[in-house]
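In what follows, a single structure is set out as structure tokens and then discussed.
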Amino acid sequence: MRYMIFGESHGPCIGVVLEGVPAGLALDLEAVQRELDRRRPGQGELSTARKEADRVQVLSGVFAGKTTGAPLAMMIENTDQHSGDYEALRYTPRPSHGDYAGFIKSKGCLDLRGGGHFSGRLTAPLVAAGAVAKQILNERGIWVGAHISSIYGISDRALEDTEELKPLAEKEFPVLDDTKGEAMRAAVLEAKEEGDSVGGAVECAVTGMPAGLGAPDFGCNVEGVFAQYLFAVPAVKGVDFGAGVALSLMRGSEANDPFVVEDGKVVTKTNHAGGVNGGITNGMPITFEVTIRPTPSIALPQESVDLRTGEEVEIEIHGRHDPCIVLRAVPVIEGVAALAACQVLGI
Amino acid sequence: MRYMIFGESHGPCIGVVLEGVPAGLALDLEAVQRELDRRRPGQGELSTARKEADRVQVLSGVFAGKTTGAPLAMMIENTDQHSGDYEALRYTPRPSHGDYAGFIKSKGCLDLRGGGHFSGRLTAPLVAAGAVAKQILNERGIWVGAHISSIYGISDRALEDTEELKPLAEKEFPVLDDTKGEAMRAAVLEAKEEGDSVGGAVECAVTGMPAGLGAPDFGCNVEGVFAQYLFAVPAVKGVDFGAGVALSLMRGSEANDPFVVEDGKVVTKTNHAGGVNGGITNGMPITFEVTIRPTPSIALPQESVDLRTGEEVEIEIHGRHDPCIVLRAVPVIEGVAALAACQVLGI
Amino acid sequence: MRYMIFGESHGPCIGVVLEGVPAGLALDLEAVQRELDRRRPGQGELSTARKEADRVQVLSGVFAGKTTGAPLAMMIENTDQHSGDYEALRYTPRPSHGDYAGFIKSKGCLDLRGGGHFSGRLTAPLVAAGAVAKQILNERGIWVGAHISSIYGISDRALEDTEELKPLAEKEFPVLDDTKGEAMRAAVLEAKEEGDSVGGAVECAVTGMPAGLGAPDFGCNVEGVFAQYLFAVPAVKGVDFGAGVALSLMRGSEANDPFVVEDGKVVTKTNHAGGVNGGITNGMPITFEVTIRPTPSIALPQESVDLRTGEEVEIEIHGRHDPCIVLRAVPVIEGVAALAACQVLGI
Amino acid sequence: MRYMIFGESHGPCIGVVLEGVPAGLALDLEAVQRELDRRRPGQGELSTARKEADRVQVLSGVFAGKTTGAPLAMMIENTDQHSGDYEALRYTPRPSHGDYAGFIKSKGCLDLRGGGHFSGRLTAPLVAAGAVAKQILNERGIWVGAHISSIYGISDRALEDTEELKPLAEKEFPVLDDTKGEAMRAAVLEAKEEGDSVGGAVECAVTGMPAGLGAPDFGCNVEGVFAQYLFAVPAVKGVDFGAGVALSLMRGSEANDPFVVEDGKVVTKTNHAGGVNGGITNGMPITFEVTIRPTPSIALPQESVDLRTGEEVEIEIHGRHDPCIVLRAVPVIEGVAALAACQVLGI
């Protein structure tokens, strides 16, 4: 299964083509839509004011309700574009956006309206593709769950059992500890009021993967496969498996996961390795945390350079932006994790 | 440029084939050897007692001192193998090693001697391939440097300028602050004496990369390309770009890198993004930190399971192991970063 | 540059996503449409009676008339579908169609209407993608041309100079010798009247490719790259470079292409090698001939098997079909050759 | 499974790394050697006088007689090199060799001794890799066979049943009709005496492939996968499936393969499609013919250009060459077909 996404924030539509989908899957389009709704903008004070219905349409690859094995194309129309806001920024790139790098790459020919192809809006087709992948995995007893593990330094409580993630897909604010969730919301709103934004992290688990998949080598190791999918999500700047960066603080005797037998099955007592040893799945949940940078679009004045004159200038970004994208990133991370899991499974 | 490594810890040799090497490079084989020597075991009390000369031989792809553009194959002979130590472990996998995952994958047919193909020894051909990549990059004004950023919680001082990394390639213990280096060494030795091991982190920078390379999409984004190479290094469990996990604690106004003009060139005042915006290089050094887990091989008794009987057993690992692989990982990380940079450059 | 096509003959639309398009190309959409018009059905007695306007719409990747470097998505709506004709064939596969192979692959879940994703109609997005590739090549002084080299054993006269192909793009029936063209038409019409179809061949040349591209090895050799694109065109069953199968009849002294100097440039007197030696371009036009099988859809009764009962049955195919697809294949072959040439050029 | 070959005709060795080999295969190294012996030079008056033992050594990937799933590296030493013959040709490229194209690509830095990496000798590691693939296929009831279908216009009799190919692996001159074989030998010897060479063709079949593998799309269609492997064999200039180029002469009613039931199984009465419909296997043998060009190295004087002066010169090639490589190509074609079949099977 391979995908290509297309579209721009302010073009007619955005979409995805998914090649290699197994035939015969009774595609639950409502479930795909539910995943999109989790990511949809304009749902509350924590996200951008842009309103998009984000209704997914299937263009190909499904017949009589079942996947045919032919490329599955899905499209989402763009409806609520305010294009006037952006053209001014062509030559005064927004700090930490793709504007400058994209300007150089495209020799000035990029579509800046709403971030163009760099827009976080392009994560919608990723969610749609991921929702298909989730259905494929579910049929094999594999599921994917995630929670907001931190926002602006406020951490959710530690995940004790991946089963705890299952009910979170229904929650508007997917944390394990709602008190922490309230504090996170407050931090986001405070930043918003100050014209600023905040970063955070999402912890995700893929449960039910059989042991013995992958290889230590380049292109095959499970961590590398997952990382390739995860870093294709805008704003992801770090990917850490199992105990993650905490492993750098540990001794081997702490970090090693002892083998024990549970219900006649070999498992590990802890899962500091995040379900992967030597690049190969060991049968435990694949767990990882991704770092999500603060939204680069902030209302505060910022330093930039006019690319025509080479002069330093101060810019202010108008338009509608999320003060924190961690919340909306949760179904995206789950979706691309599902796509990665399919690749590891050879689907 | 693509590579394949081959070999096992206790087989006749280990090696690498590098396809797509540009023709006409005057290959400095001594420089390749110097990189291997940085990684070589048996050099001090901090690393395994195994003695290997690790002399690299070129089998193909070089003629009259220059690369021909044909696949460049390099081989390193194994000489100091003690194979008697390992067979006992076939059915009692070592915690957090590739043993169990590999056993399942290979239906029991894996070569366990010295870790077989999972051995850290397989990083030697990676270093050799990376040394070739470094020479290709150097011709284009690009260089790669790294330092031990932490061991067991003891951090090197912060990197202020990537130029500081240049002299470190000559240092036996590549840290910016030698006092911190001494404390790290002490921590390693203490763990070693207790039959234990420690983890750490390596920070790396690729300097001189032009702006405008990469794309936001899957398979093309710069972070994803680097991550795929980095996770193919055994023991790497996390990859974080720029300010890394600290971005989750930041506001946008702190995290954003303001554009300024320096020597007539557009640069960013800070480099929290690690040289990449929207998956595309922005001309600043590509910087990242990798988390290196503690060596799973420790002398202390550990819990395992006998895969034949399904009974829980206690095991003790004999053999020669590094109490900390962070030190020897430095040239490996640099090497694979160089390979990744070549891919980003379309070499 | 990579592409994915999607769609089915009787779905809402067909389309293509083209990733890695260089930014800054002033896309001539009229030229893309002209290529589609060359392939369009319903234009005369030689092709299917299906009427399709085949108007291409750009969904993404172009801004202010120029490519942005983001994925370029193009869509063509389906309008003239007669879906009633096909469902009967689900369990009685048409000989030499994808029906049976597709049935097994999809466990019966394929979309058979009009051939579904197997339809020759899916070559329209290939033509659109190829038309973009042609524009990219033209900017670099490279062009692609083709002619019908034979239909049902009636051969066009031999191509003496690739320049002769240039005016053929304007011809309704692209042959070098119109008398031969008339005979070919007659053969097609005769087959059509008898409820049958005929096969043929297309010869194609890519002119202006620089010498020194490619490599002898798997995945890199120029013939292999072209073949991979060409065999992705339905009905192509053979790909032969340069003198093609005639090389099997030759001696080395005949087959070898002597080097001579022309206008101060090293060229070969003949081009039996089709512009490729050792898997690498030699600067001569890349030439090849593809064999196009007769349309499998014929009106004559044929033998099949009822997949439900396992009984042999006689079937008759209704619907609208081309008695010969060689004519409409010409712009398709040119288009995929252009895509292949881009890959060889590293675009 | 992916491979990389390395080595030059006159370097220390040639070899191959095969990644993704399934673990647990009891590798029959004698069988690998037998395949190499079929391709080995110096065995008779029909091939080059170069003497090579071509003993294969396994460097990695096999433990206790079984594949471990780690990269399988195999090496063959070069022993009988006469390097003096070649350096003179650096600036006067041999017609239809890789010399000129390789010179341009490598900016003059190629290893010309014995053809360097372009040498037909590099097909030995392909044979070794293919022999491993054959063993993997055999375990699944799939086998590969081939015969010389023509040399210099003398055709072997038509293949009626792929079973006829099975005994040919034991024959020194693998044809179905030995009378035709004698005539072919005579044609080769006559060319040899005249300082010339001849071309020919090899027909190959892969029998036992299940129906339903592949897809019509780029990168997945079975013909495209096979072609990519086949064109990576030096001297292959054409690949034609099933009835091949004869399909261009046929009507649909002749070309279509009627479905019938045989032993309760759906098969086709004829196999003009070569076992592939719509890019997907249909359960019939995959059959194809490859065109092998005449050896470009001939003793007759030939026209070339001195790349230093730009003057036209006459050259004579010395050294030891095969007057016809079709004979030695048979195990090579079988081997790469086996590798292609593994890819189609997802191995």
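Going in written order, the chains are labelled A, B, C and D, and every chain counts its residues from 1.
One rule holds for everything that comes next: a residue touches a chain if its C-beta (ideal position, glycine included) is under 8 Å from a C-beta of that chain, and two chains touch if they have at least 3 such contacts.
Note that the structure is predicted; figures quoted are calculated from it, not measured.
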Comparing C-D with B-D, the busier interface by C-beta pairs is C-D
Tell me which chain's centre, taken as the mean of its C-alpha atoms, is farthest from chain A. D
Starting from the mean Cα coordinates of chain B and chain C, work out the distance between those two points in Å. 46
Mean-CA-position distance for chain D and chain B (Å): 38
How far is the middle of chain C from the middle of chain D, if each middle is the mean of its Cα atoms, in Å? 27
Which positions in chain D touch two or more other chains at once? 4-5, 19, 69-71, 102, 105, 117, 215, 217
In the complex of these two chains, what residues of chain D are touching chain B? 2, 4-8, 11-15, 17, 19, 23-24, 59-61, 63-64, 66-73, 102, 105-111, 113, 116-117
Write out the stretch or stretches of chain B touching chain C in their complex. 19-20, 69, 71, 215, 217, 220, 346
Residues on chain A engaged by chain B in the complex (per definition of touch): 3-5, 93, 95-102, 104-105, 117-118, 122, 150-153, 191, 196-201, 211-219, 221, 223-224, 227-232, 234, 236-245, 247-261, 264, 266, 268-269, 272-274, 276-283, 291-298, 300, 302-305, 307, 310-312
